[in-house]
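Listed below are the structures to be examined.
The same chain A turns up in both complexes below, where it pairs with chain B and then with chain C.
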Partner chain A sequence: MIYAKRRKRMSTQEHNAPIDLESGKYVKIWQGPQHPGITGNMALELVLNGDEVVDCKTHVGYLHRGFEKLMERRTFIQNFPIVCRIAVPEPTFNEYLYAAAVEELAGIESPQRAQWLRTLNLELMRLASYLMWLGGIGASFGQATIYQWTVTHRDYVLDLFEEMTGARVYHMYIVPGGVRAGLPEGFEDRARAVLDGVERLLNEIEKVLFKNVVFKARAKGLGIISKEMVDPYGIVGPNARAAGFTRDLRRDEPYLVYDQLDFDVVTGTESDAYARAKVRHQEMREGIRMMRQILEQMPTDGPFQAKMPNVLHWEVPAGETYVKAECTRGEYGYYLVTDGSQYLRRVHVRGPSYTHAIAVMEKLAVGTNIADIAGLMVSLHTYPPEIER
Partner chain B sequence: MSLKDLISPFYVWQRAFEKPYTQKHPIQERPGAPRYRGFHVNVLEECVGCGTCETICQNHAIDMVQVEGLEPKPGDSGLRPKFDYGRCCWCALCVDICTTRSLRMSNHYAWITEDPTDFNFIAGADNMSWNGEEYGYRRDDDYHLLRGERVKMEMLAPEEGLKSFEEVMKGYTEEQAKDEADRCVECGLCVATCPAHMSIPDYIKTVREGDYEKGLRILYETNPFSSTCGRICTHRCEEVCPVGHQGEPLAIRWLKRAIVDRVPRERYREILGDEVVENGKQVAIVGAGPGGLSAAYYLRRQGYGVTVFEAQARAGGMLRYGVPSYRLPDNQLDKDIEYIRSLGVEVRFNTCIGREVQFAELIDDYDAVFMAIGLNVPSSLRVKGEDHPRVLSGLQVLDDVASDKNPGVGKNVAVIGGGNVAMDAARVSRRMGANVTVLYRRRIADMPADPEEIHESQAEGCTFVTQAIPVEIKDADNPDQVTIVWGEAEMVADEKGGRPRPVLQEDRMHEETYDCIISAIGQGGSLDFIPGDYRDQIEFKWGKFVPGDYQQTALQKLFVGGDIANNTADAISAIEDGHHAARGIHKFLTGELVA
Partner chain C sequence: MEFFIGLWEALPDGLQTVIWILLKIIAIILPLMICVAYYTYAERKVIGYMQVRVGPNRVGPKGWLQPIADAVKLMFKEIIIPSNANKALFLIAPAITLGPALAAWAVFPFDEELVLADINAGLLYILALTSVGVYGVIIAGWASNSKYAFLGAMRSAAQIVAYEIAMGFALVGVLVAAGSLNLGDIVRAQSGNGGLFSWFWLPLLPLFGVYVISGVAETNRAPFDVAEGESEIVAGFHIDYSGMAFAAFFLAEYANMILIAALSAIMFMGGWLSPFQGWPILGPLFDWVPGFVWLVLKTGLFAFLFLWLRATFPRYRYDQIMRLGWKVFIPITIVWIAVVGLAVVYQLPWWFD
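For the complex of A and B:
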């Protein structure tokens, strides 16, 4: 099979000759859809020359559950338990964006206290998600101990979620109009203790992972995203920040109570897997800093739910809106269209994984050692479920 | 790369001696957080089976099913949610929306069973491993998916109301009505409870949608007295409305009024599309009250020639003569009655059966007779001296006021009784400038009057003396006055489990003098006009008719309904009796119904 056409589009300098699979020079292997080196269910169709990847084609579709269509057949309140499933490790961002979009279209404003609780929830989510990711990046370079540590601490964060929201993974806490409950008694102290623990862990990981000769040797120089690539490829979030772009919606277009919090936008320069890991590592510290401020400043009484119409026959006026928030992977957006009925006319969910896991991955994989493909994929931090929706 | 980078990773050893976080399940158990969404629990006794959980479940994981051995209380559908854990996603929307908050969750993480059918269970009824254990998730007190507060209706201030007979309740604006209608959960418990089984959620929906014409059509399917019932119905529907568990029930009665208030009477015929095609059969109806006229309406729609015999000079029965106009203005009652008459119903006023027309003539001259003569004989107080000239009956007072006569109650009035007639008599007396004392033998909570009426009577300045039993009525020093002797009562629990009984305390007697005493402790019927040979064919109990299927009596041509034939004695029951009898008469005259 001749891959000349694709190769041309990829325009990699090293491979000028067409890839002739019959030549005996190449091996084609599939990484995924079930593979520990893949972040979720998707597949990479790799063509290898020795242990070097010369072509990569991504395959998605293994996780399609038709959320967007399902949402058109459910009432506005019935949708909030669905959206969280769009990005499994980060349900909260979906909950928030769906609620914010519906509120905007319905002309509802969630109370101040709800906004603080939502921010706390989102930042806790970011922390939990990064902890899992940090374990992933360690494990994909053979440092499985890191994974054990971070997943343990993620569970401590999930304990907080359980207390606050009633569930560990699919929280279903942020609803259109506000949130479902305030903080339980003594939550602040327990949250501070968990944050202190994570902070200690981050210090240790600094020593064990970022100052680790193996990690450095393998991650540095891996999957470099050039500055020129960032905009054409739609690269956002830590992947863009590691390339030196100070872009963060929390600072650039503040939502919820981010304008009342003091935090820095972390950037890197090298734009390789190591730099991206470093940016996320540092962002976790910023997140902890933010949460400490939230726990200090947030109002402890007052309503956490806006005055709502009866959700059983709630009709949202016709309109359309796009709302966005900075999730762990960058700009996450919900586009909602309503037609004045009890149902959504259309919803489109746009997660950063769409570009990161497909176009960016296909480009960066070429020229990489097959052993580093997992590390490269993890370093882009992508979630296949949010590609398929 | 530096030497440091080689040594640094060995830091991992430091953690080797830390206590692991992993739990040794099932040796060690870890209870879920107090808010944890575990498995569903339902307190069967608190649940009313409204099915709102089933409606909101986005996974169709809930089915409302009958539970063996569960005796439904009034206002309870008898159904309970059955969960399918193959579909449930534990979002707990069902718990959040539960009208009674009977639905909750345990705080268990895991449940293992080898029988897959176990995953389909009725919470609270089936024996689940988490039953009786600590609760997990419940709806937060400050989180509501339903609104408990009713939209307030503008009303005349009590001091203003006392000055005239102007209607007290002003009705909802369009916006208010929509807002109130929005609270409905469309469970239909009200439909089951309403004597006329009106399609309540359907007409409430028309209010929400602002489609009042459709609303009127729905109202007239079951009730041609919608303007009246929208004002003074005893609204048993509201008593069972599950939204009431979160605060106040829906103002169903006022939403009905909201529809009728917005449709002009002139457009009724066009909207309702009532066409009368004569079928040549003649039906006599006795009594132009809500029962008689409802029957007249539904019979007329089917083409029967209808003649209504009314002893009084105006139609409406107890609605006209027993309900004061500040509750039900004459023009609103007329709106309902005029429409029925406009279909060609003939009403013969001042015509009393047994006097102007004989009972036998009706039976002989008409194909069928519907009798809804109401109750108009005041019950006796059964105390010495009750025939004193200054003792008036509540009905008489209301009748006089409705007929623009002065009942002459004086300045100081005692009203005896706790029903709606007593409240109306008291409020009417207040409007005529009297100081009113209401004497009732039980407590306020035991009063059969509508709570609103009691509340408004109090707001208008009527003094309530409860647990007061009249003992004797005698002449006062002033011949224009009357003295009542009454004794205080203690409530004694009934041994048979009935409601507590008031027992007279002979040592605590009071003697008070009033300008008049209004007796309003209920009323009975008079059936003297029925000749003996017919009388033997009809079944009676406690001075009332005992109707069979479709309100028919053993005297096949005779159908009965309203207060004289039921025990609820309210307008809506009479309306249903009339409607039901109309169906029966139609079946009888078309040969479908053979008694």
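For the complex of A and C:
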């Protein structure tokens, strides 16, 4: 097709020319906090020269709920309903990291079966989150059909969560010392059926979205993250992998039972929006492969929870720790400080959205077309609730 | 009864003519409005099924009353005029958009003899009116005093100017082949013993493709709906409109879509002609079908195509649309007009005898 060859976009903006808003040459436009092209509540302050974005400032602060401070005033077990609300579409990673950090400080070892169940839970969450994201990238480029398809299948995954944990969105399933429950009877077969359905959906999306001329024309060459940018800007996860870095904590520093699973780390080379979408699309297949192995190899009996002290009077010894895991957007970390009391001394949550949505977005947005801002934003996969906590 | 006949005859001749024309206009506009209403319903249903859901099914049996409910809701909504908006222009813009979309139907031949105004420059009239519609969009975008609306209006203006040319050239090919600007004559020029292979879509295939795609762009429909790109500039030029003012834009868009679909049927698919005309067995078999039915079927085909495109395509970026219009479509049409011209002058293939 005619757009297969992409030329370097001509820029109407003189190099490094100061932006004088009074000159009448520029239009300042706010995209957000309420805008169909923004995920969650944050705002982009764009300065336009015609259709070209010449300056971009991100504004966050619409969703700050002060979770880190709240957690200092609650006992260790009371924090569970809070941590899962930090990143709304994927609460499980927060639950796991908080539980793992507390376990490390308290010196509790969770049983083997619990570790398998946790891995299954995390991978299901990854699948659900990616399904929503894949729909989002379609919708942000004006293809709403993909969104309907993926949200349908995400709902099937949520059904699995409901069976497994009793809740659809905020599960509170992973607790210090293990998990809250084992699997219901016949869960494995139903899970396999859902995974097969998702796999068929992925094949269809490959045809409808990734081979579509318009999507290729728009997403290829959009928002290229150069290799030099990756480390200074703190880019992690699929965004870094699309730039050619084979970084994946599941393989580099295996936690839970990831060292017993066979999976590939998916990378790309182009590092544009298309490559990022492709990497995530492929990672969903890897996730499905992993979950099939988990369902196959998981021990079906044995304890799923370690012996715990009375959680109402639980005093965790003084210490500090940083626990990290690979969430859908990259490295996700919890830094916990305890002082030997029933309460946490300090919590810090390190989420990848913070760097991706602010510094990286401000850098990549300059020089793109206003039409591509929504697609660029979604292609970085960020969640405003996780930026501000 | 006799009283009314007497009353009618007592009227002056001029007034009789005016009343007759008004009645004819109503006879076209009312069914058209119903078509538009149910086209929106069809869109929601078709796209719904393509997106693996059922679409509206709550209001009335199987959701059949949904468009009526929508219309009633919009009628009762307040028309909010933004502060600092230019009030007169803000209110006149929907009318400017809706007017031409309805007026274009005046020269449209529904069947051999069924046409309100059988004028000889029908094609020019339609081209002129579809161009006027864009003024409504520009005025709406400017009068709203909103940056998003203004961006949408600018995009729409540039896009429609670019595609108007491609569309116009495609129609030049049609009129060269048909030798007439009258829509009825254009259809009659396509009748022949080849049935659907006598129609213009085959000899004018590149122009046919350009015309249909330009038609999608002309009506601001996906994948060319940058003027109201939801995820980019929210709703574009009609972002600040509500109630019936918004409904007017909505009606105009769908009336235009049906018009483009019907014109594609007239120009390239033989209008009211049977696709089996002149064929040995099928031809006589379908002789009893009225021409109007064929026209509706062909229009429905294109109307469905519009919905299909919307469900399956992402939105083009604005500069890519312009590149497609200026650098691909216009050259294609110019080259093919030359080819058609030569074919007509030297009577090359069997179509232009």
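Going forward, the second predicted complex is superposed on the first by the 374 of 389 C-alpha atoms of A that agree within 3 Å, B and C clash if a C-alpha of one lies under 4 Å from a C-alpha of the other, contacts with A are read in each partner's own complex, and residues count from 1 in each chain.
Criterion: contacts are C-beta pairs under 8 Å (C-beta built on N, C-alpha and C of every residue); 3 or more make two chains touch, one makes a residue touch a chain.
Being a predicted model, the structure only gives us computed values, none of them experimental.
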First (chain B), second (chain C), both or neither touched by A:Asp231: neither
Which of chain B and chain C A:Asn369 touches, first, second, both or neither: second
Which superposed partner A:Met308 touches (first chain B, second chain C, both, neither): first
Touching partner for A:Ala217 - first (chain B), second (chain C), both, neither: both
Which superposed partner A:Val208 touches (first chain B, second chain C, both, neither): both
Most chain A residues touched (candidates chain B, chain C): B
Touched partner set for A:Asp259, first chain B, second chain C, both or neither: neither
Contacts of A:Asp20 with chain B and chain C, given as first, second, both or neither: neither
Which superposed partner A:Asp51 touches (first chain B, second chain C, both, neither): second
First, second, both or neither for A:Thr152, with chain B first and chain C second: both
Where chain A meets both chain C and chain B, residue numbers: 143, 145, 149, 152, 208-209, 212, 214, 217
List of chain A residues in touch with chain C within their complex: 2-3, 27, 29, 35-37, 51, 138-145, 148-149, 152, 208-209, 212, 214-215, 217-218, 369-375
List of chain B residues in touch with chain A within their complex: 1, 4-6, 8-9, 11-12, 14-15, 21, 32-37, 52, 55-56, 58, 89-93, 96-97, 136-137, 140, 142-147, 182-186, 205, 208
Chain A to chain B touching residues, read off their complex: 74-75, 77-82, 143, 145, 149, 152, 155-156, 159, 162-167, 170, 172, 178, 180-182, 184, 204, 207-209, 211-214, 216-217, 303-305, 308-313
Footprint of chain A on chain C - complex, ascending: 47, 50-53, 147-148, 151, 222-223, 225-226, 229-234, 311-320, 324, 328
